[in-house]
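In the part that follows, the structures are each spelled out as structure tokens.
Two complexes come next, and they have one chain in common, subunit A, joined by subunit B in the first and subunit C in the second.
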Partner chain A sequence: MKNKIRIRTFGMIAEEIGQSKLTLDQIATTENLKDYLFAQFPKLQSMKFSIAVNQKLVQGDEQIPEGAEVALLPPFSGG
Partner chain B sequence: MTMEKQRTPKNIFVQGAISPEKIAKSIANHQSKTDIGGHSIFLGQVRKDQKDNGTVVAIEYTAYEEMALQKAFEIREAIFAKYPLNCMHIYHSLGRVDAGQICLFVFTSSKHRRAAMDACDELVERIKAELPVWGKELLDSEEHVWKVNQ
Partner chain C sequence: MADRFERQRLVPGFGSQGQEKLQNSSVLVIGAGGLGAPILLYLTAMGVGKIGIVDGDQVSVSNLNRQVLFGQEDVGKNKAEVAANFLRRQYPDCSITEIASFVHAENAADLIRPYDLVIDGSDNFPTRYLVNDVCVLLNKPLVFGAIFQHEGQVSVFNLGKGSCNYRDIFPNPPKADEVPNCAETGVIGVLPGIIGNIMAMEAIKVLADFGTPLKNRILFYQSKTASFYEVQIKPNLEGHASIPKSLEALSHTDYELTCVGLPEISWEEIPHPIPASAALVDLREKNEQPKLEKWNTLSIPFTEFEDHFERIKEKELVYFFCQTGIRSLKAVRRIQEVFPQKSVFSIRGGIQAILTPHDHGKTENS
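This part shows the complex of A and B:
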């Protein structure tokens, strides 16, 4: 979808947001996305999570390409 | 002439617990590979931990599957490049695994034991640290806590 990004959430982040998938209007960068999420879901501010854009973990602030899949990933606990 | 084997991501996920029969069969499948001299196996088992709000009865696993499979493939390639291995198998549970059941099965084989043992150790560490998988510990009180890896 053009001008939209798909958000996927997992673990305790999914639990907090209440949905495992969201579609948002395009947001330019991962820091902008965080600002948006913190405003919508204030409890996320105290939760630890990393962000993957199109399945790659981002370091710092990165551009979000049009139509990207952006995942919110709490600390991994497999095994 | 040996053919260079082209490897692609394969599914590591198993729905529910990993059965002892599956593990036994996997061992048996290697009997025809007679250049192997040593296997190393790691089995992760769900612990019945005491938490503040109850006792763990099961772990429910979820994953970002597409990313986890790609990452597992990268780890697999790196470990194959680092150690002289004949074989490597990784299985991780998704969904509910009861306390006492197996949730992770890592199996490496080599001509001599040291490569298999070191590779198995490193695989387990990397799987736990790098795969986007989450464990929700279900308690006997109907509550839950999110698993934290050591």
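This part shows the complex of A and C:
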């Protein structure tokens, strides 16, 4: 889908957002996406998570290509 | 020759060579809990020559939905010892060493060094970062796996040059009060069975040089949708900078989770007896062990905490403790909101801190 990005969520991020998959209008960068999510779901600000774009882990602020799949990946500690 | 390993020798690409490699290899399994149970069962069944089991924890009844090495009669016993005894009866050809204590910064390198491969089935972030860092410094292959309620994550670290590790995915640990724990969040019993078995398979692959391990990839599993999700990892400079530079430096590193601005206190600072104007509150659930004997405590299980503020309303000074010091931080933050005039403290490290040998000269099993 053009102009849309697909979001996959895991663990406590999925729990907080309430679903493990969602679609958003295109957002330019991963930092912009975080700002958007923090405004919608303030509790995410105190949760650690890494971000993958098209199944590759990103570091710092990276471009989100059109139609990309973005995954929000928290660390789990349980054993 | 018909023996226990016949059927796996028949697998093309594994064969007698793979079996021989397993028999000549040694594995250290950290944590004999939900992940440890299937890992230990399959590694011994498949014929890994030497296995070390590290766990300082005791079996409690709430473990039994997932920690399938243990039964009702094992409640209260050390997990590493019960697991080792069970596996010795089942597979006498496997050489098993149990270490009935927790891994900490001072003993980690000595525990890990003698083994070919390490499997992290622990249940907390300090241990996970510590084990990762030691394995990086010793260049020791590490099979990593962790669970949350009904999801899991697995990867394999330190497989030679250019191989990533835990800090490439999650450079730094979360803050203490950002972390849920098993007692609070729950876990579907079969989930660690699935994740632990993937970890066991990855360990077997590395040891027997079979197939392609999860190098520079992390695999997520979501049981509710029965889906796997794979993510590629690359080196992270911020993560690498956080690893101590030497084993000597690591042995002096404090791996306990840090917290911002929440008042913590150590057991040494708790008055005995507790004055009438103060309370020492045990936030653990009723079934959690061991009980604290030295002080009189007030039991308010964390799951019922919100409904029982009246029990501490009259106290000017409140000390909270739990198993490891995470729920107690959350309680402190909550009480600061509700009763800003009270003095409240979380006891650092929870009841586990009082059981750690280097704190009080006692063993975990005492």
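What we mean here is this: the second predicted complex is superposed on the first by the 75 of 79 C-alpha atoms of A that agree within 3 Å, B and C clash if a C-alpha of one lies under 4 Å from a C-alpha of the other, contacts with A are read in each partner's own complex, and residues count from 1 in each chain.
FYI, a residue touches a chain if its C-beta (ideal position, glycine included) is under 8 Å from a C-beta of that chain, and two chains touch if they have at least 3 such contacts.
Quantities reported herein were computed from a predicted structural model and do not represent experimental measurements.
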First (subunit B), second (subunit C), both or neither touched by A:Met47: second
Which superposed partner A:Phe76 touches (first subunit B, second subunit C, both, neither): both
Touching partner for A:Gln59 - first (subunit B), second (subunit C), both, neither: second
Greater residue coverage of subunit A in the superposed arrangement, subunit B or subunit C: C
Contacts of A:Gly11 with subunit B and subunit C, given as first, second, both or neither: both
Contact residues of subunit A, present in both the subunit B and the subunit C interface: 8, 10-12, 52, 55, 71, 73-79
Subunit A to subunit C touching residues, read off their complex: 8, 10-12, 14-15, 20, 46-48, 50, 52, 55-57, 59, 71, 73-79
Sites on subunit C touched by subunit A in the complex: 31, 33-36, 120-125, 128, 145-149, 151-153, 168-170, 173-175, 178-182, 185, 187, 192, 218, 220, 222, 224-225, 229-234, 236, 238
Residue ranges of subunit B in contact with subunit A within the complex: 44, 61-64, 66-67, 70, 92, 103-104, 124, 127-136, 146-149
Contacting residues of subunit A [partner subunit B, same complex]: 8, 10-12, 52, 55, 71, 73-79
